[in-house]
Amino acid sequence: MATVLETHGLTKSFGGVLAVDDVSVAIAPGEIVGIVGANGAGKTTFVNLVTGYLKPDRGRIIYLGRDITAHPPREVTGLGVARSFQIPQIYASLTVLENVLIALAAREGQSLRAWAPLSTRVREAEGLILLEPFGLTEHAARPVSELPQGGLKLLDIALASALMPRLLLLDEPTSGVSSAEKFGVMDTLVSILQARGVTVIFVEHDMDVVTNYAGRVLAFSEGKILADGAPGVVLADPAVRKAVLGWA
Amino acid sequence: MGVNALEVKDLSVKLAAFVILRGVSFAVPHGSTVGLVGRNGAGKTTTLKSIVGLAPVLGGEIRLDGRDLTAVAPHHRAGLGLGYLPEDRRLIASLTVEENLRLPLWARGERGDGARLKLAYDLMPELAPLVRRRAGALSGGQQKMVALARAVVTGTKLLLLDEPFEGVSPALSRRLAEVIRSLQGVAVLVTESDANRMRLLTEQIYTIERGEIIQR
Amino acid sequence: MRGGKALPLVAAAVFGAAPLVLPGWVTFLLTLAVAKSVMVLAIALLLRGGLVSFGHGMFFAAGAYTVGMAMKWGGMREAVVLTFLGVLAAAAAAALLGLLIARYRGIFFAMLNMAISMVVYAVLLKLYWVTGGTDGIGIRTPTILGVMPERESLRLVMYYFTLVMTLPAFYAVHRFWTSPLGFALRAVRDNEVRVEYMGTSVARVIYAAYVLSGALGGLAGILTGFSVGHIVPDLAYWTTSGEFVFVAVLGGPASIPGPLVGSIAFEFLKSYAYKYAAFTWQMTLGVTMLAIILFMPGGLWTIYEGLARQGRQWRLSWKRTG
Amino acid sequence: MTVAVVILLDGVLYAAVLFLVAAGLTLVYGVMRILNIAHGSLYALGAYAGTSLVLVYLKTGGPAPLMYLALLAGAVVAGAIAGPLVERLLLRPIYGREEVVQLLVTYSLFLILEDVMKLLWGVDPYYVAKPYAFLGTVTIAGVRYAWYQLLLIAVALATGVLVSLAIRGTRLGRMIVAVTADREISATLGINVGRVYTLAFTAGAILAGLGGALVAPLISVAPGISVEAIVLAFAVVVIGGLGSLEGAALGALIVGITRAAAVQLFPEIELATVYLIMVAVLLFRPRGLFGEWETRRI
Amino acid sequence: GPPWAEAQAKPAELKIGIVSFLSGPATVFGVPSKNAAEWLIEKYNREGGIGGVKIRPVYADEAGGAEKQVAEFRRLVLDEKVDLVIGYISSADCLAVAPVAEELRKLTVLFDCGTNRIFEDSKYKYVFRTKAHQVLDSVAAAKYVLSVKPNVKTIAGINQDYAWGRDSWESFRRAMLKLKPDVQVVAELWPKLLAGEYSAEISRLLVAKPDVIHSSFWNGDIIGLVKQGAPRGLFSQSLVVLTAGEHMLQDVGKDMPEGVVIGARGDHWFLHNANDPLHKEFVDGYRARYGRYPIYPSYHMYQAVAGVKAAYEKAMKAAGGAWPSLDQAIKAFEGIEYRVPPGRTMTIRGDHNGIEPAIMGLTKHDPKYPFAILDRMMVFPAAEVNPPLGVKSNDWIDSWKK
């Protein structure tokens, strides 16, 4: 199969705001794609469209050759697409480990089992391993409500990666994560994902992260793709520099 | 009135069963910008929250213009000129941007347009196209900008900005930094996890780790 | 019930021995409280998913009226068979309604349940040549496994029958709580978006919980019907459901014993309020409930919960170091 | 033809009564997100207070038209006393806790108020018919109606308009919205959270009391009226979409007219009409007629 | 066995559980009946109790539903250890409690509930009712209507949608059709209990213009109907029959329209036989103490308490002065006759059910009273308004010849 994800003329507007405007991209298996763009450029909306949270006004979304345009999040997820969120979406009344165990059970397709316990030795072990790269192992037993903002962000990513997706979309994975941690986390995460051959699309404002980890960069501006290519090329593009980086 | 707009002395804070801040002391002189740098969970947010009155103080002093705030109710602190930008923005989603910005004026019983609101609009012309939109519909970075504007409207004496650049594009970061630097007569306390980025804003930096100031 | 394996055994011993030492009317109250605790359990189950049902009385009524009708019109008399039949009917009703109701959340879930339950109430009342209308149906003493209890030992027998029928319900919910589905339900309450993004169907999670909860409600209705001996359409009236919701919160919906403790406490509270303040029992009840809510935020079972959490933390830290 | 006119008129009349009872409930829910089960008790309190004051006033032998003022004054005073008391003492400690806990508190309050009213006013019905009969009657479509009933329509309309202006147009209204959405942040903006809530709840309590006082001349004010009022108010508010005043108005109209039609055409189903409407509406509009779906930003 | 074997030592007191509504909408019945019990028991105790044994009442609230009442009954019997229970206004409560009384072998006197199901469908050993059932009200109403308005052509009913309302209307309709087969039913309205607002129903009745409107409304509902109906001309347009209307006359006062048929659910009314010493004592005593005239639930309670006293005294007499056993008391209760206000004999038949005469009258204002009193009153002897022993109510009405 040539591509993991294709969009064709994807368009979405909110009232008078054209958030995503005729976006067509094709992403190959194993690619790690960074999306940059000014605030309000439509990056999150793009991710929301691809994962079925929003319905596009126009355009099609093809995942592994299948049209998933009108599919709701659950079905998209079932096909092997996972995502993290700009605003962490976690289970706030549960502990860190319980959050992950639920994800693991979901991946195993066991979510609707009502008799066997969620917390088995095997799952717990796997969950703790999963939390390791995010530095959350020591917080495993803590209620999520006690985590600092950065911790929530990392847990959110951990939940997405627990699903072992083929395509992973991360919305600003390092915003809120301190500079002391973000590179360490990204290093481990990216190497794990690469080893598994996961295709990754991540939205990011930190250009250091983008240049370090993305093999290809999409620059969004006002809902359109302004530039598409290798990080060095795209970030050097004068239009991108003006719109995204703020250099005249 | 001393030289410091804000003075924090020996501040200790306990959340749930954990002591989060231990003997934190620092000062923000009038009209200057001071940075608080630390990694995730160091206690930056907790520090700011205890200054605005959202975290219970176990011990120590928080002085604004020499006046101890620890016994002052949060809404009175706002009245004393404290402006706060929470790291998770926390706009009132169902109100418009304009209404969000006017809330502090209404709370003060101010009629008319309010000089601070005008200041905020002047400083951030980017707000103009957003004013009529529901705050909840904005993108993350747009919300951050509105939250900064809201802090500017409230904070006549001291701004407390919690990671104002997180989730903000480099272009906008630069603009916001400019805005912060151009504020006249207002002391600013900013948190950040990246000391280098902080240096773009100020040289007065405190580093916090595990709830303690380890270096200034 | 992670706190200790001994707890269920102790509880079994206490409940087993209780009627041997307690006076007759207390045994009856206890029977009633245990029977109703299953209903409270059903409500607590949904509460875990953030769902409040103000119409669960309809399943209570479904169970009770199935038994009542089978006795009145079908001449059946065997408690075990009747119980089975009633639970089946309640579960079937929940399975049917669940298709509709699983789409609703929050107040709307509460109110839709209430509305349907009130329609059920109206039907029970209207079909009075079948159901006896508001006058209700008398439930005669059943045989238990073919044996008709003596009048002298009837209450004792009904108590143990209720207890025995209640045990599997509590055990099932205990399993449910710790199962993936149980956690999925809590996850639904916290964040539906994330649940769907894990590939789990929120609607199915709610549906499954709803059917289980309906079946439990039916069982409670049956057991209550047997012990009271008379059933009326009021069982489906919204205040009946409302009261159960309050008992659930009172007992602490987050634990297995909570509903039982709440149910017993409430039944006795009510009884003593009637006894000592016949003219102002509502006020007495209200003030007591307020005190519990304000000073025991987790419900009556707070104390146990606190201990259990410590136990859990201890266990985890032990696991990590050990 | 006559029947159609009568149905419509009776429907609107009943809707006015329903709306008066429901407006305070939807206001309190709309701004504070508290579903107040004790709303019915506040309604009853207004009914008792209004009736008592009218009775006292009529004894003084003053000019009869002023009894309407006495009626309203009783309700306002009851609401203005009960509202702040309840808000400060009972609701304040539980803000931020789950919705069911708030329900539980207001339910306890309902129980307490039931007995308090019994202790204050006894169990014999409080009776005052004069405000209803005083204005005389008018014949419409061959059926005689009391002017007071028609007056209620006007009062309900006025109440609706006033309250919706108050929520929508005013700064206080917006501040209440802010406080409900995020208490902590509202406080850091300088909003006196406690005062805003006291005001909002008191407004709701006064509305409830007014509803009770205005309905009192039609009914018998006696123990038990709270329960009926609260279910109906819930139903109306849910049908309309919680927190929406227009919704409550439309909900009241639908329930009113359907019930009037049922009485004329199929009296057998009257008992269940409200609930049947609720099921039907929620089937097609899961959040009520004016309820909004909010797509959460993620 | 021989009577001396069963004779028991006199107890220190006779403890009676007394159950009536002390909260909720039915307190309008519950409290006046509790008042009557209080007054009468004090009187009896002043006079030496029952054969020297003082009565001690234990009051309980009937609110909370049938299930709560079953629990309360058990508490009264097993915890409070009452010797007998007098109580229950709601038919559902009577039906629920009766089997428990049998199970616990406790004498139980139902004082006010109206359902005919209780003794027509089952047989009880320990349960009695010291009043007539609801058929009396409806039959008396039908007969009265035909006497004041013999040419009635159309009737309508407005009754609360629950067992009492249904049964009352069914008996009235049946009796009317039997007595005057050409009568037409033009409307049957079923507002729900406690609806309170009847604008639409009144409109319907104004449109239908029936000659006679029957209603068994009670409590706030009946007051609401009067308040809303009177100014709109409902009561002048049709002859309205309020079978339970007596209890609200004092509440409604001068606003009560004249010419409305009022039933008293028996023949007890404070101005009926007002000079009978027993009646006068009750009315005066009650009024002095509670500021109102007794209403029918008060009389019903009187009949129950007096019935217990009569039965015990009769049993004692039979046992030669010894305190009776429960079985003896029950035996004495069956078929007993005793005096009650308004100065007549109360008969408890072999089916454990009481029968009473009935009065009906038309409202009329009299300057001596601040509320309406009954005019053109008719008294229907018990035999005319109660089915014969062993005949079910509907069969009885159906068997009428006309």
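To keep things simple, chains are lettered A, B, C, D and E as they appear, and every chain counts its residues starting from 1.
Rule of thumb we're sticking to: a residue touches a chain if its C-beta (ideal position, glycine included) is under 8 Å from a C-beta of that chain, and two chains touch if they have at least 3 such contacts.
Because the structure is a prediction, the values reported are computed rather than measured.
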Original post:
Listed by label, which chains are in contact with subunit C and with subunit D?
Top reply: A, E
Original post:
Along the shortest chain of touching chains, how many steps lie between subunit B and subunit C?
Top reply: 2
Original post:
Any idea whether D-E or B-D has more C-beta pairs in contact?
Top reply: D-E
Subject >> Farthest chain relative to subunit D (centres taken as mean CA coordinates) >> reply: A
Subject >> Between subunit E and subunit B, distance of the C-alpha-averaged centres to the nearest whole Å >> reply: 74
Original post:
So how far apart, in whole Å, are subunit A and subunit D when each is placed at the average of its C-alpha atoms?
Top reply: 48
Subject >> Distance between the centres, which are taken as Cα means, of subunit E and subunit C, whole angstrom >> reply: 38
**OP:** List, in ascending order, every residue of subunit B touching at least 2 other chains.
**Re:** 137-138
**OP:** Give me the residues of subunit E that touch two or more other chains.
**Re:** 23, 161
**OP:** Give the residues of subunit C that touch two or more other chains, as numbers and ranges in rising order.
**Re:** 125-126, 193, 279, 281-282
Original post:
Of all possible chain pairs, which ones touch?
Top reply: A-B, A-C, A-D, B-D, C-D, C-E, D-E
Subject >> Sites on subunit D touched by subunit C in the complex >> reply: 35, 37, 90, 93-94, 97, 99-101, 103-105, 107-112, 114-116, 118-119, 227, 231, 234-235, 238, 242, 268, 271-272, 274-276, 278-279, 282-283, 286-288, 291, 296, 298
Original post:
If you look only at subunit A, which of its residues touch subunit B in the complex?
Top reply: 14, 17, 36-41, 44, 86-87, 146-151, 154, 172, 175-181, 205, 207, 242-246
Original post:
Of all residues in subunit A, which touch subunit D in the complex?
Top reply: 44, 48, 53-54, 85-87, 89
**OP:** Over in the complex, which subunit C residues touch subunit E? Could you list them?
**Re:** 23-26, 28-29, 32, 125-126, 128, 132-136, 138, 140, 151, 154, 224, 228-232, 234, 240, 267, 270-271, 274-275, 278-279, 281-282
**OP:** Write out the stretch or stretches of subunit B touching subunit A in their complex.
**Re:** 15-16, 18, 38-42, 45, 87-88, 133, 137-142, 144-145, 163, 166-175, 193-197
